[in-house]
Amino acid sequence: MGRLEAFRKSYGTSAGDSSLLERYFAVRKYSEFICEPLLLEDYVVQPSEEVSPPKWHLAHTTWFFETFVLSNLLEDYNHFHPRYAWLFNSYYEGAGEHSAKPDRGNLSRPSVDEILEYRAYVDQHMIKLIGDGNAAAESIIELGLHHEQQHQELLYTDIKYILGQNPLFPTYHVEFRETPHLEENHSFIRIEAGVYDIGAEKSGFSFDHERPQHKVMLPAFEIRASLITNDEYIAFINAGGYRDYRYWLSEGWEWVKRENISAPLYWREVRGHWFRYALSGLEEVNPDEPVTHVSFFEAHAFATWAGKRLPTEFEWEAAAPHLPWGLRWEHTNSAFLPYPGYRREAGLLGEYNGKFMVNSMVLRGASVVTPANHSRVTYRNFFAPHYRWQFTGIRLCKD
Amino acid sequence: MGRLEAFRKSYGTSAGDSSLLERYFAVRKYSEFICEPLLLEDYVVQPSEEVSPPKWHLAHTTWFFETFVLSNLLEDYNHFHPRYAWLFNSYYEGAGEHSAKPDRGNLSRPSVDEILEYRAYVDQHMIKLIGDGNAAAESIIELGLHHEQQHQELLYTDIKYILGQNPLFPTYHVEFRETPHLEENHSFIRIEAGVYDIGAEKSGFSFDHERPQHKVMLPAFEIRASLITNDEYIAFINAGGYRDYRYWLSEGWEWVKRENISAPLYWREVRGHWFRYALSGLEEVNPDEPVTHVSFFEAHAFATWAGKRLPTEFEWEAAAPHLPWGLRWEHTNSAFLPYPGYRREAGLLGEYNGKFMVNSMVLRGASVVTPANHSRVTYRNFFAPHYRWQFTGIRLCKD
Amino acid sequence: MGRLEAFRKSYGTSAGDSSLLERYFAVRKYSEFICEPLLLEDYVVQPSEEVSPPKWHLAHTTWFFETFVLSNLLEDYNHFHPRYAWLFNSYYEGAGEHSAKPDRGNLSRPSVDEILEYRAYVDQHMIKLIGDGNAAAESIIELGLHHEQQHQELLYTDIKYILGQNPLFPTYHVEFRETPHLEENHSFIRIEAGVYDIGAEKSGFSFDHERPQHKVMLPAFEIRASLITNDEYIAFINAGGYRDYRYWLSEGWEWVKRENISAPLYWREVRGHWFRYALSGLEEVNPDEPVTHVSFFEAHAFATWAGKRLPTEFEWEAAAPHLPWGLRWEHTNSAFLPYPGYRREAGLLGEYNGKFMVNSMVLRGASVVTPANHSRVTYRNFFAPHYRWQFTGIRLCKD
Amino acid sequence: MGRLEAFRKSYGTSAGDSSLLERYFAVRKYSEFICEPLLLEDYVVQPSEEVSPPKWHLAHTTWFFETFVLSNLLEDYNHFHPRYAWLFNSYYEGAGEHSAKPDRGNLSRPSVDEILEYRAYVDQHMIKLIGDGNAAAESIIELGLHHEQQHQELLYTDIKYILGQNPLFPTYHVEFRETPHLEENHSFIRIEAGVYDIGAEKSGFSFDHERPQHKVMLPAFEIRASLITNDEYIAFINAGGYRDYRYWLSEGWEWVKRENISAPLYWREVRGHWFRYALSGLEEVNPDEPVTHVSFFEAHAFATWAGKRLPTEFEWEAAAPHLPWGLRWEHTNSAFLPYPGYRREAGLLGEYNGKFMVNSMVLRGASVVTPANHSRVTYRNFFAPHYRWQFTGIRLCKD
């Protein structure tokens, strides 16, 4: 097992029951570790609006600790640089103005070296603060670590986009396995009708939008044990799935025509064979691996073509104990909306998730690049229905 | 009572238990009645993409009967004009290609006279077909009448937009009352926790997306007996509601800034007084009438500012027997998604509603321009969250 | 000879040496005459940004007299309507704010009847003013008449666009001949090198940008006696002219690809035959008529393909006495720039032409829809290089 | 004198009469020299469509020699990389497909190191080819060197844009002087009426569009000895020049309003003082230096405000022997059009300049970053009228 896999594994397993300081170290180190295989040039570019330059992620996650921990809790804290608050605020209106998201790739400065200095500076102060045992800070530091883990997943997906849209198809790391193991059980599992507890309990970390736990009445349904594979998806392509309006939601059909979509992201056909860019390079599509990088629109169209449907997020959570999951974020047919009794908190947390509760669909599970201890059965990921650059997949349901 | 009100009332009450032929007559006549106060020029223009020219509505509702009834069921039927199928198809991919929606206002021909001839031609054949008692046709004719009633509501809202955005503010009809009566009960009604039947039974007409009826578990909640009034909404404006990001969903905030939104549609401030365009002309805002022409974004922001929330569509339906409703379409915090067990039908019906089940929010109830017998407690209206040209309003909830 | 041709001819010939009042009558009447064959719906629409609704032209030309003559020179003049100044100002910043050009087709009101009343009201006051013999007013009235004649040409071209882009291809008038006669002399005429007087003398009416007359030194060149015909242009199409970048200016090539241009405006191919919409209806292309409705980009590409070039506007003016011209506006390879000694006048006239002296190319001559006494050898028409809706044609040169 | 100035001076003066090989070395070395002060991140970004990343310039100028010299003239030449032809072709349709211009900043690879290897590889082959004395290659190599010198100017202006739009305002080089000396003679010089020779003679290098030399008749005029200074321009700003439509061409006025333009590029007002970003950093505006980074629209508006006008390119060339010039590219009121007798050459040269002869205005002279031996009195630079990122300035004329 190579160094990459070893680190990724050890990082995931050791972090569970360690001290806050140990976890702080591990999480912060892992962000830089993810970037190690890059050339300096790769840290800078932003080839699509939803993608951020890796150096931006490294700075923004640091800004989070500086803004919400150090500035608030450390008396006489001096900001590392007066303009970084503006440069590295992502979308927190409550934290002042911020630079435009599509401009992130226009900024050659601060340089990667300066950002690494910024990280070291903030880490030094954070270590002191954690060492001093500031109880008030613990929950927001905890949130900051989960925040950085979210950006670790984005680092992988944004790096993949940066390299994968480059016509030279540079490899991120030859060792990287996007599908560490295959799933072989294509049968459907029956889940009985009933009232199920959905959402996170109060104890343990969870995001606000996973709470409160509440009861949902579900009819009986069946759900596939394994994700849809590439060869199943190729059958959809070969059946003309991308050219037949009947399988598509209206907005999806407009998207297919406007963007000329005819296959998952990163796929290209060369003399009758399908290839796909992966973090290990451009390789022929393995028919047995789960299809990846499909939008909600594509997942929905595939399900319609197959005479099945996507699960709701409630069905998914009820079925999760019976399923192997964690290879791909799984599209659900649920819109991202508040749970009954959800109340958008004042300040930071209100902006963290609550303000996005419109026009997004929920994805459940986790993916191969989700930090291992950043995964929960109640986790609700959410994106606009046309996005494809995350490691997404398809799981089907039937009544 | 003027002729306008008399007709609108008689149309609404008489139609319930009449024969199919009587109903066909009444519905078709009412569409033309709505347009009577217009000048010919008003039939032609399309000042915004979501608005259609009145003459297009008159033709499209006719095309529906020609395409889905006469062409299919009347042997030797000759189309009125070979190009109308292309011109007046709205969005049915299954019915062949169609002209672009934003181009509807570019077409001076066919003229209004030609479209009225088209209506007469199709009516003549429909009358014969209905008279001959074709049982196979009944359900699709029924759908066609409900379809035309939907467009009657759109005729009102599109006419209002055509006249209301005109700098001369021409009056549609001085008699028209957008708020026939005021609601005076601002108290909250308590709805107990429980399992409620949601959706339409199989008997009687309903759209496919209102079915199947199913059980939903709801926690206890309270809902306001009356809609939010203009003076309550002016308080929100005066409190800086349109300038404070904290009340807004992120996409709503972008919309407010991009479109410079600072009041409901059709409102303008003149020397410290609010005026609004209504179908009866430009008049000072009546503080006691329900606020109208607000988007989901505005309704959601108002609720957040007020420390309350919008109901879900399930809560609304459970509470409906206890509420006076019907003045305005009421924003809910539910996305437009299929009910459990919903299956998009093959062909026409699959396109009617099912393909729009993404990125829209549900509105419940009915409005002052909804044809009276076109209203049901299970009715699910749906629009993108920024639209304002329908007669929408706000009803609040609390836990 | 039908009534249409008779009027057009009499209008052109009689107007030359008549009194100001007679000319005022004739010009004003002709604008309404042009619109006579229209249905009311045709007066209203604006299917492209550069096209204006006919009722807008009828109102704007009236607004010109109201604003620049009556308001200034008639004491106690009451405006017909307080909002018309805003509605019917085209682009004169000095005359106050104006409505947006692309919105002209969104306004169903004022109605055609109201605009005809507006015309009558202004005419009544103008007749009185002219009758009173206000010498100060004469030159601005003269300008107003030339202004209205310019809009008469636009009335024809905008009506053609309104009807010609309609999928029903309604006829404007079956009698209308876009090419009253054919040109048969395809030979080249030699113009000797020398110094030529270019531009208008001070006496007689001319626009400011036709002056001052000045001397230009020209090398010898040859110019084609006749315009390029449809069959010559079809040869360019058949040779792949629209698919070969080598013939095109860079911006023209981008335009061809972006807009999918493959033939002149109003042409369509039906089973191997070219048809074109003309004011007399959709008809097969006559190979011997001059090609029409080509942009500067197309004219330039055709010339490059043919191994020739377009004339400069100076060459054209020097050659004009030797040429038959007047069927089509002729593209030149001259940008619209001031003549030496040109000075943009203060106020109105400065806005009339001077502010457009960038990014436009000059067209010389006149077209079949140019009012007959509105044509001069020094006339400089100008448009952006991609416009095609005017009656344009191609004349070639060689060194 | 610092190393920077020393190199720039020596480069400029030594190159004139040296051998082709010496000149090849000097030009190629200078491109890399310009980039020396950059951080690696600065080579990568493209903050505006008209700006290219420095690494792209380094590669594209190399691609020019590879494509037009080595591939054509060196038997058995192996391309450095099979995809570079596609990546580094700017706009030569005749050289095959090319990547989209706005995407240049999305490509982190090839890295700067790889591009420097590419340069070394091509240089090695070029040196051999030049050493072998291939006479056929000389004129195209000469063109390639002039081409690279054009990109050297672009390197300076694009680097300035990359650093100058960055909110941290990083310095390029503290030694760099954008205005090495001030001009003090603000008087006007009279140029007599007459016939002047315009354009380049056949002997010596010139671009195709500078030829053929021809005679132009000019009236007498006066031209300012010095460029407009910052304090003269500030007077225009203070007089409300950017808010008064009367000074602007119509397209310029639209541009001012759409882009919120209120000062030259790189200027910002801080507490009543004007600062501007220069390659030496953010500094207070020096009132005596020539105003820089103004568009044609601004130059034209300034001239109108001042009651003067811009010279034509012919007037400029006639006056040039009497003027000090070379600090700034000087806007003229001439459109970029072919000289009489110009014929777009087949192949490469036809694409080099000829295809841009529409919608651009001519700039004359040279700027402080023009390579010293890349300057001629007949040189015709050209840009769209809204561009400002070149080192442009204003010189006025009067009749």
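Labels A, B, C and D are assigned to the chains in the order they are written; within every chain, residues are numbered from 1.
Simple rule for what comes next: a contact is a pair of C-beta atoms (placed from the backbone, for glycine too) under 8 Å apart; a residue touches a chain by one contact, two chains touch by 3 or more.
Everything quoted here is computed from the prediction, not taken from an experiment.
Colleague: Going by the touch criterion stated earlier, list every chain that contacts chain A and also contacts chain D.
Modeller: A chain counts here if it touches both chain A and chain D, and no chain qualifies.
Colleague: Moving only between chains that touch, what is the shortest number of steps from chain A to chain C?
Modeller: 2
Colleague: Please tell me the distance, in whole Å, between the geometric centres of chain A and chain B computed from their C-alpha atoms.
Modeller: The mean C-alpha positions of chain A and chain B differ by 38 Å.
Colleague: Once you find the CA centre of chain B and the CA centre of chain D, what distance in Å lies between them?
Modeller: That gives a centre separation of 58 Å.
Colleague: Report the inter-chain centroid distance for chain B and chain C in whole angstrom, where each centroid is the mean of the CA atoms.
Modeller: Measuring from centre to centre gives 45 Å for this pair.
Colleague: Using the touch definition from the top, which residues of chain C touch two or more other chains?
Modeller: In chain C, no residue touches two or more other chains.
Colleague: Quick one: which bits of chain C touch chain B in the complex? Just the residue numbers, please.
Modeller: Interface residues on chain C, with respect to chain B: 39-47, 55, 83, 86-87, 99, 103, 105-112, 162-163, 165-168, 170.
Colleague: Help me check something: in the complex, which residues belonging to chain C touch chain D?
Modeller: Spelled out, the residues of chain C in touch with chain D are 91, 93-94, 195, 214-219, 245-246, 248-253, 296-297, 300, 304, 333-335, 337-338, 340-341, 344, 350, 355-359, 361, 385, 399.
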